[in-house]
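First chain A sits with chain B, and in the next complex the same chain sits with chain C.
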Partner chain A sequence: MTTVLQGIAFADAWRVMAPEMVLTAAGFLLMLIDAALPPAAKRAGVSTGVALIALLVAGVLALRRFGQTAALGPGSYLLDDYALVFKLLFMGITLLILLLSLDDHGRAEGARGEYTYLLLFATVGAMVMASSADLVTLFVGLEILSVSSYVLVGLRRSSKSAEGAMKYLVIGAIASACVLFGMSYIYGVTGTTHLAEAGYTLFQAWDSYRGIVVLGLLLMLAGFSVKISVVPFHMWAPDAYEGAPTPITAFLAAASKAAGFAMLVRVFLYAFASHFPEWGGLWVGLAAVTMVAGNLLAIVQRNVKRMLAYSSIGQAGYLLVPFAVLTGAYHGGNLYQDMSALYFYLAAYALMTAGAFAVLTVVAKHARSEDVDAFTGLFRRSPLLAGAMAVFLVAMAGMPLTSGFAGKFFIALGAINTGYYWLAGLMFLTSVMAFAYYFGLVRRMYLQEPYGPAESWRTPAAAALVVVVALVGTIGLGVAPGVMMHSLPGLNWFGQ
Partner chain B sequence: MHVATLWVVLIPFAAGLISWLAPRDSRSLPRAAALLGSLVSAVLVGAMYLGYDRAAGGSQFAFSRPWFTVGDALADMPLTVTFGFGVDGLSLPLLALTAVVGFTAVWASKGIRNRTNEYYGWLMILLAGLYGVFASTDLFLLFFFLELILIPMYFLIGIWGGAERTKAAAKFLIYRGLSSIGIVVAFFGLAYLAGKIGGDMTLDVAALTRQLHGGAAAAQSAPVAGALFLLLLAAILVEEALVPFHTWLPFAHAQAPAPVNMILGGVVVKTGAYLFLRVAAGMMPAMVGRYAVLVAVIGVLNILWAGLIAFVQSDWRRLLAYTTISHMGIFLLAAASMTPAGLQGALFVAVSSGLLTALLFAGVGLIGERAGTVDMAGLGGLSKPMPYVSGLLLAGALGSLGLPGMGQFVGEVLSFSGSFSVFPRLSAFGIAGILLAAVYLLRAMQRTTFGPTPATKEHLRDGTVGEVLPMVLLLIAVIGVGVFPAVIGHTAGAALAALAAGIGG
Partner chain C sequence: MIAYAWLVPAIPLVAYLLLLALGRRVHEGVAAAIGVLATLISLVLSLMIFVDVAQGGGQLPYLWTWLTFGPGPGHTWQAGFEVNSLNALMLVVVSFVSTLVLLFSRGYMHGDPRFGVFYQYLLLFVFSMLGLVISPNFLQLYVFWELVGLCSYLLVGFWYEKPEAAAAAKKSFVVTRLGDVGLLAGIILLYLATGSFDYDDIARAIQTGGLQIHWIGPQGLATLGALLVFLGAAGKSAQFPLHVWLPDAMEGPTPVSALIHAATMVAAGVYLVARSFALFDASPVALDVVAYIGGITAILGAAIGLTQRDIKRVIAYSTISQLGYMMMGLGVAAYSAAVFHLFTHAFFKALLFLAAGSVIHAVDTQDLGRMGGLWRRMPVTASTFLFGALALSGVPPFAGFWSKDEILASTLAAGRPLLFALGMVAAFFTAFYIFRVFFLTFTGRYRGDRVPRESGWVMTLPLVLLALMALGAGWAGAPFTGYALERFLGEPSGASEAGAGPGVMAISTAVSLLGIGLAWLMYGERATSPEAWSRSLWPLYRLSFHKFYFDELYQAVIVRPAFALGKAFDWVDRRIIDGIVRLAAEATLAVASGVRRIQTGQVQTYGLITLLGIVALIAVSWSLLWGVRS
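Take a look at the complex of A and B:
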């Protein structure tokens, strides 16, 4: 490895990973600023400003790379459109989270400089995961994201936050260990950490070393499943979500999950594609179980954060469907179409999730509670928040005029195309089950009068901006899904 | 390109948005916007009805734009979803039904006094959704509007309903939501079936119908076609609130406010009938043929079951729910015959039942407002203090049990003449159910309007001209259909004859 790294010229590295480099530099700059500035200045949002500028610059740099392919090392770190679309998604989410956090800073105890640069580092980790085509760089990215996230979850100084962070750390570490253990078997059989090369070797090794390969595969599958909170590997999510500062919860639900999917698809597609039919049904089963369990468990939650946590588990089930049908089908799957459906729904899901958590942030601040009761009669207190939340919930339930409807349609088409009628049916069935809690919250907001005097609640400007952006995106993608869906399948996805 | 059909959907939508933007609890502006919106769209529907070229037939006033494309939907075939609207012989009668019931329901909403801007907003969105269902020429769009209806209905029942409103709203949502699953899987399944045979992926109704008929032998004999049909049938049974999936309707009717009941019983329930004619009979005639007896048995079962249950209802709204269910039973029995007469009868029953249900709910709503109850046990002798309302209610009840001169009579005669030719024995049972309807409706009228007037009810005010106007309009419409059946018969005739011949709408 060292020889390879020494051989990389800066110009090549810049070409492939300019956005990551910008964000990393900004992160280190923020560390310095944080140490140098007096406490009063830290609250003025200097750090957030620097981070926002860095994200915008990185975003522009990423946009300019579309259609190009390049690699660092012997194809260990790739620049292709697959990586780019995911990177743009991560950066977009982080942008929204930073805006949302602006209001959170005001009431936070102690200095929060670390909050901003940890968020940037976490984003870089996610971006590395999207670009990695080598087990080593992949694991590095995964750990950058994970370790930053552990700290971020524990930032709120309360016992809940500590409990959530502890659970997340322990289970996350076990998952990382599983991934690493699985990787070691794959390396042992193939003699390479490079995904595509491993794929070639595994094609032949499958028959002679099936037991070991399957063991490695299952260990990696379990580890990845933790990261994207697929049932039965979801236990950490509700506690971590509940304990974390609300913007960080949104980051975990949107960006971390998207990063998990980016890594998962790349690894399994590159290394194990040759034998999909023999084990791919596993993902189909996981998707089905996750949809059902996530949505069922969400029904009984009274804490809105926990409810959204289980809801996001259910959504992970939907998100898994495009990849699952691709791996599970003996014939007829269409890679680019399924990737497009996955990405469309991920983007739609990220927007609704960011929006819903933005509303929750404001509501929880005023009501001093994250209980469902805080939402009672919200339409009297703030028509904007109630209306926006209703749209996000309805979008998660997959109702028309929202991106959720279009996204489920694309995913269902993919499932039916490969003959998985029952999986498409199950998607819609679990969506109806989910009505119970999505509309339960809508009911509280609109069908009940608020407890006590209905003073109106002011929405801070930054949070309002996040809500409006998410709202426009959610409705826009629902009314004109073609905006995204027409260009996605034509991308130079994997650089071939 | 003709934008008239598009406007029919957009105008109520716009009126709804205007109503929402009005100040909270303001009453005049939202009501004015809703009245104007529903009137203008109704006039447009009327103009299209008159302007429809019957000789030419087919889909007219069509507006179609590609909405979005899924690049590789089936293997590498692209699927273009169109934003397509248009009217034909099947959709026009139902659009007209929506227009009449929609306008009268808005008119009858004067009694709503809280959160009026939201109320009229949701009511207009509901109307836009219903127009959209009947005017869509793309199955994706049709499903889109079908799902859209759930949201305004949920709020209309849940906010302005009776004591158990939230439960009723949730039940409505769950039942109709579940039926959507069957519909969406059946729609996509049909598209894939057609795509594999016809070599082209589409959700356009006309193209899909053509493809499924073009490769008739292959499409109709595919084992998956039978499954898709049964799935669709189950969904339609929920949509139409047919036994055994009916319990949501009486519950919703008993909780919803009167104007919402007019639309719910008058139009929302009829979307299932439209789906049966448009998709089941139009695209899978062979499957309707294969399962004809099953469909007919379900129809008769509903006529009888609803007739018997209606006897023990003392709440007018629940009684009317079962009346609707029995009408929909007649619809299924007639449609299952797949004869020209039976299909005409089915469409007639759907339209006239919609008008009559709306009429009866308007009357019952007025009585409830005045007397404070719609339970027959607490009513009686209303013909003395409220002669106009009682008279109109009686007219509606008589129409509903099939009095000659009204639409329902025509519908039932056509229905049974169609069904007798195919299922003579089953139809005999159906006729018995019709007799039940006569008995329970007249008994209900007798308990409500005749007999001695209780002292508490002696001073009830009769409906004012403005209040009974919706009922009068609906009565005129249903008599119009009964006296001039050609109004529907000529417009829909060609489309229904094509259905009966098994060559699609």
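Take a look at the complex of A and C:
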């Protein structure tokens, strides 16, 4: 391990991790700008501009690498299409979040510079997680993302924000401890931190060290589950979501969760695939519990952010299904089909989440409240926002002709193909529950008169852009899912 | 040009969206200009496509994959468009009639508060109908099939404040839905059996016998599938016994009747049977059903048309009857004769409706008893109506003569003298009822109270153009042009054709002249009293006047029992199902509020739950890995 770092040439590093390097450099540049420039109002614009340009450059660099495979070190940091699609997703989400934050000046004025570069660092952390095939780099990525997120959640100057950040930090620390503890067992059994090598050794060590391997695996699983807010490790999510600045909530719900899935799939496919069928039932159970609990709890929420938080917990349950059926029936499942279904739904979910939170940002700013009452009669105040929100909500619930339906359809199809009929049935059942609370909000927006004077609400241009992008994506992927679904299975996923 | 055929429906769609964006307060002239322009562009494109097809033949469908949900072609659904000789012809007919109807509506709907909305609906319909025509498979066809049904519903109920219009809209929707259920079931059945929605793939699969379901053989599948598809076609094309909605649909504005309920949508059923002719051809039973249903519909519609007093209803029954002819033609495998009749009928029936609309616009009533003597006051309307009537009666050299004769000759050639006789009697009735309308409307003394005036050019120009088509459209398939249209269409395998010989031509001309003569004696010359005839033949007259009591029969046999059943289900639903649902909802809420208690807000609790979660995971894994295995 010690000799590895010495052998890395810059050209190799650039080839594998150019987007990460660009974003990191941009982050440091922003730190310098933040220190050098006087605290003028322009600063926010400058830093956002630099960040947007960095994201676009990094995105182009990532696009140019598709189809290539390379590795840094003895395969601890990988360049493959699996990492690239996730990186594109993270960068796309961050781009939308930055746009969405543009009109948030008044809220976090003193913290503008750090807001932007922390967001960039968080993105880099997520990207490192997607590329890592080594427990050490993986953990570094996880911590970069987590620590940046803790600060971001606490940026709003309110006690709720501090409370959310505190809870997120404590539970996050427990999760990190669990992950490290679990990793140490795996390292102890296999003598390596490299995932593929560990997987090979574990295949042989399974019979003699089964207890310790399973314990290590479960501890890592618990830690990851906190990141993707799987029940019963979801407790931090509603509080942190409620306290965080709304764009950051969207980032947590979309990018952070996607990063968790990227890491989860990589680790379990590489290291523990050999004995999937023996414990795959565990995932199926987690998916089922998460779907039911998330959707059930969303019904009784009155704060829209909390409702969306619980709904995102439910969505995590749906997202677990493709992986669960893959692990449950490893030899019967179709890896690429399931990966495509997972990624499709992640992308669709990220778009509708970004859109819904964009609407929420605008509404909350005008109404000075995040309660469901703020949405009452929204149709009269702003037909665009009400219409867009309705589309996002029914997409989350899974209405046909939206991306939410197409995504759920592909996931359910994967479950049915591997014989998990009851899991597919449960998906439909929880979708029905989801319709209950989403339609409650839609009804409020359309059928009730607004409280107070019915003045019309203006949507800032940047937020409107986010809403339109999300709207086009949500409906486009719903009407023609094939556009994306056909190209995904043909990717060079893991460099085979 | 064929590669751009998707533009033909796309342009009316764009116009529809444009009008939608402009809102309902748009100026009448602007709405009409956008509508007419869009359909005119579609017409020009259709004509260019038609010329291309005439020169180079049809093309393979342009397809792209819409949805893949598994391996193999059976799990990939495709969307796209297709141009062949049949639907190239349909494109021209639909866009031509649409253009004229949209122009006509500028005058007819003038002053209506929802003028803009009317054009929106019309354009949506034109888009849907053109999309239906170029659909390359059953699945896509079904989508547009339902869209045209929706537009028909919206337009029949356009004056929804009139209770009759609202009821008629509902009736037309529900009755055609009955057929649609059959169509959908047929599509699903054929898909399950053959793994394809494509017309030709299905026919090929049936011929080669490679079916994926085992409870039915190829022959049975062809029969069952064809009959289910025909059920949909019968609903749309108002065939017996699902014909009852079409006369009621006359509550809609008259341009709608001309476009949707005469020229285009109701012909969609005939088009569907023609398009999937290979499927029907595989089943003699299904073809026989089509032939006899068509024959019965032809005579039934004509018989009811004899006695109706509402000008639009007479023409509506005439449409039913003519659609029956087309089905009859398809049933005896006279493919191109049926399509030929569809082609000519679209023009002269749209003409009759629009001319009737012009009359209604002038006298503000649809009651034949309050018209009369309009020949002098509305010369253009009257003479164009006469052209339409002559074409419908089948008087040479007008359009209807050539196409109807071909169908009649084909029934004889197929060895079905009964169908031939039915067709001949219906032809006699047809000539009689349409000239009864003509004489009652345009000759004699004016019996209304409003002073009628000839309509403006936006209404008479479409009439004149359609009158020219009513005269000349039939020549495209006449013997003296060498059956040009039939050669253009080409014969699908299995279709048989028989040109009308001089014998059939002479008989049918004589029959129609006889009908016209009788109408003239009764209503023109008044040499014999129609009242006396109806008194002496009173059972038949009553039967015809009350439309063979179909509405009453359905009311007693279907509607009332259905309502009773509905009441029973309603009780079960309210008392039992709703109770269960409410219980489930209450239970869900109770569980949710119970679980919410755990979310105390105390971070210590969260940590504890996390720990308990890990313990639970370990316990579950333990039982999975070391537990008792059964």
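By our rule, the second predicted complex is superposed on the first by the 484 of 496 C-alpha atoms of A that agree within 3 Å, B and C clash if a C-alpha of one lies under 4 Å from a C-alpha of the other, contacts with A are read in each partner's own complex, and residues count from 1 in each chain.
By definition in this document, a contact is a pair of C-beta atoms (placed from the backbone, for glycine too) under 8 Å apart; a residue touches a chain by one contact, two chains touch by 3 or more.
Predicted model only: the values in this text are computed from it and were never measured.
Asks: Is the arrangement of chain B and chain C around the shared chain A a clash or a fit after superposition?
Replies: These partners clash in the superposed model.
Asks: In the superposed arrangement, does A:L264 touch chain B (first), chain C (second), both or neither?
Replies: In the superposed model, A:L264 contacts neither chain B nor chain C.
Asks: Have a look at where A:F410 lands relative to chain B and chain C in the superposition and call it first, second, both or neither.
Replies: both
Asks: Report for A:P481: first if it touches chain B alone, second if chain C alone, otherwise both or neither.
Replies: Both partners, chain B and chain C.
Asks: A:V321 in the overlay: touching chain B, chain C, both, or neither? Say first, second, both or neither.
Replies: In the superposition, A:V321 contacts neither chain B nor chain C.
Asks: Which of the two partners, first being chain B and second being chain C, lies in contact with A:L218: first, second, both, or neither?
Replies: second
Asks: Check whether A:I171 is in contact with chain B, with chain C, with both or with neither, and answer first, second, both or neither.
Replies: In the superposed model, A:I171 contacts chain C only, not chain B.
Asks: A:F428 contacts which: chain B (first), chain C (second), both, neither?
Replies: first
Asks: Would you sort A:G490 into first (chain B), second (chain C), both or neither based on which partner it touches?
Replies: first
Asks: Can you tell which stretch of chain B collides with chain C among 149-157, 203-211, 365-373 or 383-391?
Replies: 203-211
Asks: Please identify the positions on chain A that touch both chain B and chain C, taking each partner from its own complex.
Replies: Common interface on chain A, chain B vs chain C: 409-410, 413, 417, 436, 480-482, 485-486.
Asks: Sort out for me which residues of chain B touch chain A in the complex.
Replies: Where chain B meets chain A, its residues are 67-76, 79, 140, 144-145, 147-148, 150-151, 154-155, 158-159, 165-166, 169-170, 173-174, 177-178, 180-181, 184-185, 188-189, 192.
Asks: For the complex, give me every residue of chain A touching chain C.
Replies: Residues 166-167, 170-171, 174-175, 178, 210, 214-215, 218-219, 221-222, 225-226, 232-233, 235-236, 238-239, 278-279, 281-282, 285, 293, 296-297, 299-300, 409-410, 413, 417, 433, 436, 480-482, 485-486.
Asks: Of all residues in chain A, which touch chain B in the complex?
Replies: 332, 334, 336-337, 340, 394, 399-401, 405-406, 409-410, 412-413, 416-417, 421, 424-425, 428-429, 431-432, 435-436, 439, 442-443, 446-447, 480-482, 485-486, 489-490
Asks: If we count contacts the way the header does, which residues on chain C are in touch with chain A in the complex?
Replies: Listed in rising order, the residues of chain C that touch chain A are 64-70, 585, 588-589, 591-593, 595-596, 598-599, 601, 603, 605-607, 609-610, 612-614, 616-618, 620-621, 624-625.
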